[in-house]
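Next come two complexes built around chain A: one with chain B, the other with chain C.
Right, the complex of A and B next:
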């Protein structure tokens, strides 16, 4: 900060605006859309707070792989799948309320850990293109393995007792599993209501604890190792860090916490869309984090908070605003999907362009240094 | 590979260098092969996943008659599906050759084709007959493909090394953008728009009366018709129908592609893909070649979707272009292509294997166990194949 003191304020403002172009753009979009959508402030605040409780934990899971330089974890949906498997089993055993949620969280850990192990191993084999591999892996697991387990193996090999969650043909799980008896039981614990706005205090405490854990984790040996690996794999290896193992751990942590986050998400929603529940999670969480001002190689807890607020604000108001502008609410519906894809695209382009620019800059510096060396 | 290369080398010293690097690479692989038994070498050449898929397909073929599946009809289906998809798979080749990786941005080309198709209907070009309608659709799609391809190529040149991820998201973005556009663009042809409100296109538009079967019906070999007209019985042959026109169009494009890859520009493209630094040193404008390859891929994507539509009989809008990307990418990989290496042979073998699996699995499975797991199997195979290609350690990848 000190070295910036002699730079004029206007220049610093421009610099600040450039570094935070994405959040600023979204603040402007939201500012335009909110009056068009015509929602009352208390409705908006209520929705935002609900969605913060629902999504923050999931978004924060993305921080670990970014720390280890593996980019956006498109395979975080694997954790969501682990949680869904756990929830299905818990729903079948008819354990409801807080015990059900806690059991689902505990049960999701081994599932997510195994999936995370597989994912981490595969990503280690595809260094340099982790993101696209993770993206494909999420289809491979979601539309392949997960569907096979839930649609064919559950009920025929894994015993499912209750017909209410089973397809009429005798095996496979229904498209929606009702979690009515589990609905918002974490959120209602210690909930406070201020003028009609419900604040799910307990969920926020969980999120807060997770944030503290992340802050603490960054300072541990393992956290430092992860950041070193993220900076430069070769240097880290030379320094005696087990690179592959560190990367594996970061993915496994992300997946396991994503599983716990997904349980929080599902208890808030109150039902489980069995075959589509996980599909959008990855995209929405990544879009939210990027909108908060994160980039592919750098993200903070603050980015996650700001991102969730802005993204979901946009998400709530876009259909109505679209309807207001074009007279067709479907346009708004598509518009918000377009914005979330578009923002990921732009962020990825910015990241790759920057990476290339740095590389060529480093090359030029090296050439310059060599030239000087030669002149001497 | 090496004999293709030497056209674009102007000075003998460069040529020698290139040959040396090529030879050393060759020797290494030869050496590796010597250490393996012949069978192992064959497996390594063919690739384990491809082996499994071929074996699976053969098993399905063998089992089919025993479980009461009409095999000739299935073969007709496979040929048909091959004729729909082959051009789309061919669209992968230029970008793989120039080192832009697997074209997950295929939806961009598909969108151009959709624009061409819908505009051809909108302007009523069916008055020139089915073939005229098809050609007009292609003609309209071409400028879109060129312009989009140029932009997309420019973008991919800015982000060398991260093409695949960005291509994926460019594809997803353009699909969701066009979802809005299909609703907002002022189309008004009654066959395409929603009945009552008259704004917004329908998700599925029938091509009956437009360019449905325009290529497929050209010189079509329909053994049932032949048998009926001559009054003879041809036995199982009667189930076979060959969409000659579509196959001819694919053959034409494939030959053109093969010929192109052997021209000076084509060899330059291969050089850029296998070693961009060497290509730059040899005086090739890498960015221009890459842009050209992207334009070609995009145009072939547009052409591919039009061929697909005329076979399938419907235009599918909104999010459906999404469902084409993964099968197409995995088809060429099943055919034996690598992330930076693909041939026309890969396209043909891959499309036959993939479409064979898509056709045979549901019928045989259903006849056998009354349990349709085909979609899950297809997803596992297609995505698994892409994963395998991405995780493979191969020479020349960044």
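Right, the complex of A and C next:
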């Protein structure tokens, strides 16, 4: 740290920019797009706040596996599926409002826990390849198991009483399940309006509590073990830490909290796209976290907040900005999809590039020092 | 305390064989509380195996257990895992570090033994949700560091520590265990600078004074004499001597270890003629080289190497002597110019170096030097096959290449004989050999390339006196018979002076000076500390 004080300000600024290249790049993109899109500031703020309430909880779930060195948890989608199963049942039982949301959260826990257990066990067999395994696993679970349950078992084996959510053929769930009766009931609790901007205070309290939990968790024995396992499994094992179990717990925690986060997400949306609701969740949350400046092995709560703001800001303005540039709103829509997938790729590449740059930087400094010496 | 009559540790008739190959036979010795025991012997003498038995390592059980008894305080024990041994009060510091890089010293010292505070949540969900008691952690790690008598920063992360402090952190971790009665140190000074080693010896004395027994394994015999109460010398799986330190000397121990007089071979080489190499042409000329090798940074090195000579590069640990060969061979990022045999060698490109007939025996034999899971034949022949298309039979005009198994076998056997590599056959896996023999395989590998120019980095690190003499002799012979230019990097000045024509001393990443091997040790010593950073 002392050395840093001797480095001139300009160099330190460059250093700062280099370390936060990904967030800075997206701040610039947003700065260009916002005027093009032509939204009013209050509309933008309103949208951002809504989306923060909707997504932050889900993004924060990703922090546990990163702590345990398992990278981005693409399989958090499994938690989302657990929540969807719970919410379909709750909708069928016609329990609405706050009690419905709370019941859905509680009901999602066993579903997500079981899915997380399966996922964690498989990831323990695929050490070092967690991300790709998780990614493929969520295809299998989503298109295989989840669809089977929702499309064939629900209504035929699991009793579904209400025809309104059932497919006309007598079993299976409709493409969309309306959650109108629990729509934004959490968000409206204690909500306040400041100059037309609605702030969902209760949802933010939940997110705040979750953040406190994460901070506290880092200080627990389990949190310490996770960090140890994340950095060096062999050393942790030699010290007597149960490595596989610790990794399993971290995935299960991530999945269970993702389930709760998904219930928050769905009550905000007000309807459940039965077969596609979970599909993009993992991808978008990971993109948001990466944009916030996180990397595969290091992420903070701050990264999650910044990431959600930047990602969704871009998400809101991109279609209009695309339309403004090309005059075709379809192109704008394409633009949005292109960007969100591109982000993950770019963020991962930039992360890798940064690692290499750091490596060669020391060498350049040496060469520089030598040159200065020669000049003297 | 309960049973003062029985010594802390007794080893009785310990026997161990690996699939019929007897590696330990009739090991007997005792160690009292607060005593320091020096354990020495050549590589492959069975020291490591003995310690593995004492520490209950899995390999012992997996390979059929051992014979004889281990007694702690007069009671027979048989550990099935290292955790049992830990419970019984035995701690071991291994040669390889076992530390979490991103944790502070304190977190590492108390890894998985952190003091904890209970809370309501942990009452419900189990002990793993106890919060850590950071104040108590600081106190305990501080106490352990104090016990050692060495100053290290408890709040520094391991990854930013110098290597010596990492070693001390490991020792402090063992010391922080309350039940610790016996500490095994496996070559703890190998990675330390002289000053750090001195501090470590001091702390061993301190531990002994507090009643902790220490088994100290090292190849530096001076250290044994300095700190141990008694010496146990092993050779070929037997204890050949068990004497109080006061009644012995380095010469005695050396003789017992190898079973012959080493000094004579050393003396004969002392008389190495100053060959005519000094007026030969310059084969390699290094200009303004910088190398970014962590812990061994090289700055602005300019060095000319003459054809046919053996040039030594010496200096204290961490001053950059290892960076020079690693940089020239392209293993670490480097800059500057290197001319070899009239042409320029591009840096950061290992393949180009090898193509221009340079070879390198790395100091890191496990990671860089060997294919541990492959046979000796493969290890010896692989680079030659890969780089020079040797040992390959061409079919269909070179479209298909077959390995020439017979040729590979022949050349491997040749080097096994020449270098006296101890192995069951040329098909044995490299990882099954002892350190000294692995080093010989590394040399054989480089020799098989038949290079014009050879870098040898720390060829004798961690190997015993007998193997050392053999390795050095084979290098000299290779230089003499094939006219190969050799650059040898070593921390041991005496060995450089015996082997080399000229010795360059690196200090603070720069060449402090080049002296003929006949210069006095005072002159070398002055150069070594001239620019230390």
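Operating definition for what follows: the second predicted complex is superposed on the first by the 345 of 376 C-alpha atoms of A that agree within 3 Å, B and C clash if a C-alpha of one lies under 4 Å from a C-alpha of the other, contacts with A are read in each partner's own complex, and residues count from 1 in each chain.
In the analysis below, a residue touches a chain if its C-beta (ideal position, glycine included) is under 8 Å from a C-beta of that chain, and two chains touch if they have at least 3 such contacts.
All figures in this text were calculated on a predicted structure; none of them were measured in a lab.
When both complexes are overlaid on chain A, the residue A:98 reaches neither chain B nor chain C. Looking at the shared chain after the overlay, A:238 reaches chain C, while chain B stays out of its contact range. Shared-chain residue A:353: touches chain B; no touch with chain C.
More residues of chain A lie in contact with B than with the other chain of the pair chain B and chain C. Contact with chain C, but none with chain B, is seen for A:369 once the two complexes are overlaid on the shared chain.
In the superposition on chain A, A:331 makes contact with chain B only, not with chain C. Residue contacts after overlaying the shared chain place A:219 against chain C, while chain B stays out of touching range.
Of the two partner chains placed by the overlay, only chain C lies in contact with A:228; chain B stays clear of it. Touching chain C in their complex are the following residues of chain A: 216, 219-222, 224-225, 227-228, 231-232, 234-236, 238-241, 359-360, 362-363, 366-367, 369-370, 373-374.
Contact residues on chain A toward chain B in their complex (touch as defined above): 122, 125-126, 128-129, 131-133, 135-137, 139-140, 143-145, 147-148, 151-152, 326, 328, 330-331, 334-335, 337-338, 341-342, 344-345, 348-349, 351-353, 355-356.
Of all residues in chain B, those touching chain A in their complex are 104, 155, 158-162, 164-166, 168-170, 172-173, 176-177, 179-180, 183-184, 199-200, 326, 371, 373, 375-376, 379-380, 383-384, 386-387, 390-391, 393, 398. On the side of chain C, the complex with chain A involves touching residues 82-83, 98-103, 107, 111-112, 114, 116, 122, 127-132, 134, 288, 290-292, 297, 299-300, 333-335.
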